[in-house]
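Two complexes follow with chain A in common, the first pairing it with chain B and the second with chain C.
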Partner chain A sequence: MSQENILTVENLAMHFGGIKALNDVTFDIKRGSVSALIGPNGAGKTTVFNCLTGFYKATGGSIMLSACGKETSIIKVLGEPFKWTDFISPVAFFGRLKYKMFGGSHLVNRAGLSRTFQNIRLFKEMSVVENLLVAQHTRVNRSLIAGILNTKAYRQSESDALERAFYWLGVVDLVDSANRLAGELSYGQQRRLEIARAMCTNPEIVCLDEPAAGLNPSETEALTKMIRVLRDEHNATVLLIEHDMGMVMDISDYIVVLDHGVVIAKGGPDAIKNDPKVVAAYLGAEEDEEVTL
Partner chain B sequence: MDIVLQQLVNGLTLGSVYGLIAIGYTMVYGIIGMINFAHGDVYMVSAYITAIAIALLTFFGIESFPIILIGTLFLTVAVTGAYGWVIERIAYRPLRNSSRLAVLISAIGMSLILQNYVQLSQGANQQGVPTLLTGAMRIEVGDGFVQITYMKLLILFISLLGMGVLTYVIQKTKLGRMCRATQQDRKMASILGIDTDKVISTVFVIGAMMAALAGVLVTLDYGAFDFYVGFIIGIKAFTAAVLGGIGSLPGAMLGGLILGLSEALFAGLISSDYKDVFSFSLLVLILVFRPSGLLGKPEVEKV
Partner chain C sequence: MSQAIGIDLKKSSVDALIAGLLALILFGPIVGVLLDGYGFKTEFDRVAWIVAIVAFGRFMLSCFLQTEKGIALVHRFARSDDGAIVLPPGHKSKMVWVIPLVIVIGLLVPFIASKYVLTVVILGLIYVLLGLGLNIVVGLAGLLDLGFVGFYAIGAYGLALGYENLGLGFWSMLPIAAIMAAVAGAILGFPVLRMHGDYLAIVTLGFGEIIRLVLINWSSFTHGPNGVSAPLPTFFGLEFKRRSSDGQTFHEFFNLPYDSGYKYMFIYLILFLVVLAVLFIKHRLVKMPIGRAWEALREDEIACRSLGLNHVLVKLSAFTIGASTGGLAGVFFATYQGFVNPSSFTFFESALILAIVVLGGMGSTLGVVIAAFCLTVLPEILREFAEYRVLMFGILMVVMMVWKPRGIVRVTRTGFASRKGASK
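Moving on to the complex of A and B:
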């Protein structure tokens, strides 16, 4: 595809009642890059992720995802309220009605975006390999009848899914634990499994929410390597939230800094390191040297 | 001795019927955490559809029992499944994100609507279907005998088959995996691209279909039914679901069998007047020692 940006976020706003968690967030993510979203605690990083993945319905602005050969407006597929202009144009009316009735966050994933969570959300009572199979259901022959009769096409698609699952288990180094329950794995293994599961949906962009939280230095290093593998060998664009600055500076091509729901800086790692606004946001500014945003 | 065996057979058939209906309660509870009070009435609707299907088939001149049975099963299961889908669509889905009590009230409303709708359209009198399958198997035991009607055998066979197929679907197929994933974490399942609304609809349809299976079998066996028949059997099946651990599929089947067996044994050996007292006392006892039911997992409730 020709377009350079896989994700375009414009004037994104998210209000919870009177609380403005996000105020006018604008950034682009380049295809094939590793980008990081950083900021102090409570800056709204996870809220941005929740809006991107359809977990929240954004209050305003637009999020355009350009993946899987088409442009998808993430806010539109979640189902928007009707506007008066819809009653004049039947096309717009039925478009909106369709997403109101059948829309939802599953469409965001089908459009080519997947994510992991800060607090791990595996299906703890399923085995490791089943966690990966569930993520692939959109591509498997889904007919129930085929499943009960165990037809040849169904068995074929199941074995393809299994093969892919084991491929990803190999990438995250969990093959030995394939038949254990996901809830039994250690913390670091669960983190890796979550990334594998996100990748099993075959996304073009994967959003990792604090993938290194709670990992020891050698695990973090392995994770850094793995993220490079995702980008280089699987053409995935990676967007991550991370507090481990060493890792962020090491791995990212592009960094967006958020504070109090506003983007205060964006650019390459070197530019960000020396940006006075970023330093002020992290360390706190002196009272007399007011930082203007 | 013979009476114990006789009541064991009766209890097994009764229990498998309870188990079939309990599946609907337990699956719906598992996936959206609500108690579908209209489920007993879905069973009642299926009894009426059974009668209509038999009437239709005989009207077209079909007289052989196997064809009537298969035709009735097919028609009733399909139409009742459609009822399940519609009920979820109009009464529960619009309330998906509101408080759990709202859905509960909506379910009670749906139950009343179904009862009154059937009463209006089919009349308030008791209805009946003719006995289609007669005959029984007799087994000599000591100086007495145990009598198993062919209908009871059929009930046992079809309900165990239904449960077997369902267990296979939930454990092994794609759809089952999607159901289990949605049950464990609905939002996460949706982020992995699973259309959770569709999965929830499917669960309601499966529950209604299992109730319809029970409806056809019981109606063919007892012959008589009215618009209120769903209430008491619904309560019993719900008890079975709670007994086995609500939310657990094998639990519902086990709970149904235990409830049916204990009820039949108590009725046969001690007193049939107090059999309901006994089965509900059993429920209380089991809940005192295992608050989450026999196979249920303890869960932190966030009402």
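Moving on to the complex of A and C:
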């Protein structure tokens, strides 16, 4: 792809009734980078994530994802309300109707963006391998007849899916637990499995919502290594929300700081560390102390 | 029974007393007061017997549970949190020989059993079909459907009305009814699938009632509460009637004396083959991508969407495939009864089918088959206690939910052998 930015967010706004969770959030994510979204509690980080991944329909602004060889407007695929111009042009009308009826956050994933969740959402009653097989749903042979007759093409596609599943289990070091129920795994293992599951959908950008929450220091270190592997060996762009500043400063190439629904700073880790606005947002500033740049 | 073994007689006596009192409260008015015209008679001796039996039984049970054997038994039942287990890779069940045995016995049943037994088994198989259909919707996809009887009614009325209006027989209506029920499932599904849990249950409950009320009130088409007669299946065009207005009948063609049992034998054999086919398809579906998607949807819908699964289509496919199985069951019900009317499709039927799925174990095929036979064949065996049937049904449900809340048969999942793995 010629374009340098995989994700372009412009003037993103998200209002819940009268509450303005996000006002005018603008940032770009470079292809092949590890970027972090940080900010104090309630700053709107998870809201940004939910807008990016299509779980919230943004009130305003635009999110453009350029992955899998095409440009996708994330707000459009969720289905927008009709405008009066649609009733003149049938093409625009049916385009909008299509997304209104069949659109949704699954299209965001198919456009090449996958995510994990802050509170782990695994399929707990299914085995670890099955979790990874479900993630490959759009890539396997889904024909009912081929499956019922167990044709050669179907067996081949299932076998490929298993190969990929075991490959990712190897990456996150869970091969020994392949046939356990996902709900039985320990917390750290569940976190790793969720990342493997997100990677199984073959995304170009993966959004990790607090991947290190609840991990001990050595597990966090292993996670840091794994995120580097994702970037270096799998050409994945990583965007993460994290509170563990040590880890954020260690792996990020680019950091976006949010506070009260506004971007207060963005740049490399060193610039952010010394930014007085960021320090003020995290530690608080005196009422009369004028914070200037 | 002495203190040495650790039996606390005082505790057992208290247990017995409490159980006796409860039995007195419960059975006192039911059994003790007998209506006699405008007055009533009191029958204390019957109550006394029942209470005495209950109290004695509770006393013995309490004593038994304090022995070593009893404690072990309690421990076995106390592990109620037995979720699914994952089988080791390449697991071969030792019970595989049961399948051919069941098939052989199943094929021999019509030639051994009496006509009455055969009709009971047919009813059991119809409920197996219904249970399998609902098991896809409730057990696998986790969509609580309280109006499943609607699809059953569509299948049954499809056969009866298709014969009356279009002259279509059993064989042509069998696939058409399945498709009709599937279409009805899709029509119901599309607007309501954005909701889940309790809301979905209420809407589907309404759907079942709508179908029944339409059948009752649209009397110019459905003949209302009077019902419609349904045709019997034909054996390569030969009918199973005593005499036929056109062509030969089955017994004339084969030079057999007329016997009304032949038609049940024939229905049974077709039904048995259909059930086997549905069981096989279900067995495959669970292992296929679509089956995995259903289960994933039951576990977590939001995660499914984040993985690129179109949740509307996944739910819709569960609804249509489940509904088409219900439609098939309806066709067999209509042809077996020879007559359908709306009173066969009440909410109680939906509840019974749901009970089959819950008792059998959500998502377990074997469990559903066993539960369907238990809940349809047992009431027939216990005909003498017909008045207490619903009471027993309730007790069974309570006991099952306390001891085995996950159903009779534990859900097992296939294990996968470890592989080398490739990234693309």
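In the analysis below, the second predicted complex is superposed on the first by the 289 of 293 C-alpha atoms of A that agree within 3 Å, B and C clash if a C-alpha of one lies under 4 Å from a C-alpha of the other, contacts with A are read in each partner's own complex, and residues count from 1 in each chain.
To be clear about the criterion, a residue touches a chain if its C-beta (ideal position, glycine included) is under 8 Å from a C-beta of that chain, and two chains touch if they have at least 3 such contacts.
Note that this is a predicted model, so its numbers are computed, not measured.
When both complexes are superposed on chain A, chain B and chain C end up clashing with one another. More residues of chain A are in touch with C than with the other of chain B and chain C. In the superposition on chain A, contact of A:93 is made with neither chain B nor chain C. In the superposition on chain A, contact is made by A:180 with chain C only, not with chain B.
Touch criterion met: A:163 reaches chain C, while chain B stays clear of it.
With both structures placed on the common chain, the touch criterion links A:148 to chain B and to chain C. In summary, superposing the two complexes on chain A brings one listed stretch of chain C into steric overlap with chain B, and the stretch in question is 381-389; the others among 21-29, 39-47, 75-83 or 381-389 show no clashing C-alpha atoms. Within chain A, the residues touched by chain B in the first complex and by chain C in the second are 53, 55, 102, 104-106, 109-110, 114-115, 117, 121, 123-126, 130, 133-135, 137-138, 140, 142, 144, 147-148, 197, 201. Residues of chain A that touch chain C in their complex: 53, 55, 102, 104-107, 109-110, 114-115, 117, 121-127, 129-130, 133-135, 137-138, 140-142, 144, 147-148, 150, 160, 162-170, 175, 178-181, 183, 197-198, 201, 234. Residues 83-84, 86, 88-89, 281, 284-285, 287-290, 292-293, 295-296, 298-300, 302-312, 411, 413, 415-416, 418-424 of chain C are the ones that touch chain A when the two sit in their complex.
Those residues of chain A that touch chain B in the shared complex are 53-55, 102, 104-106, 108-110, 114-115, 117, 121, 123-126, 130, 133-135, 137-138, 140, 142, 144, 147-148, 158, 197, 201. Within the complex formed with chain A, the chain B residues making contact are 165, 168-169, 172-175, 177-178, 180-181, 184-185, 187-197.
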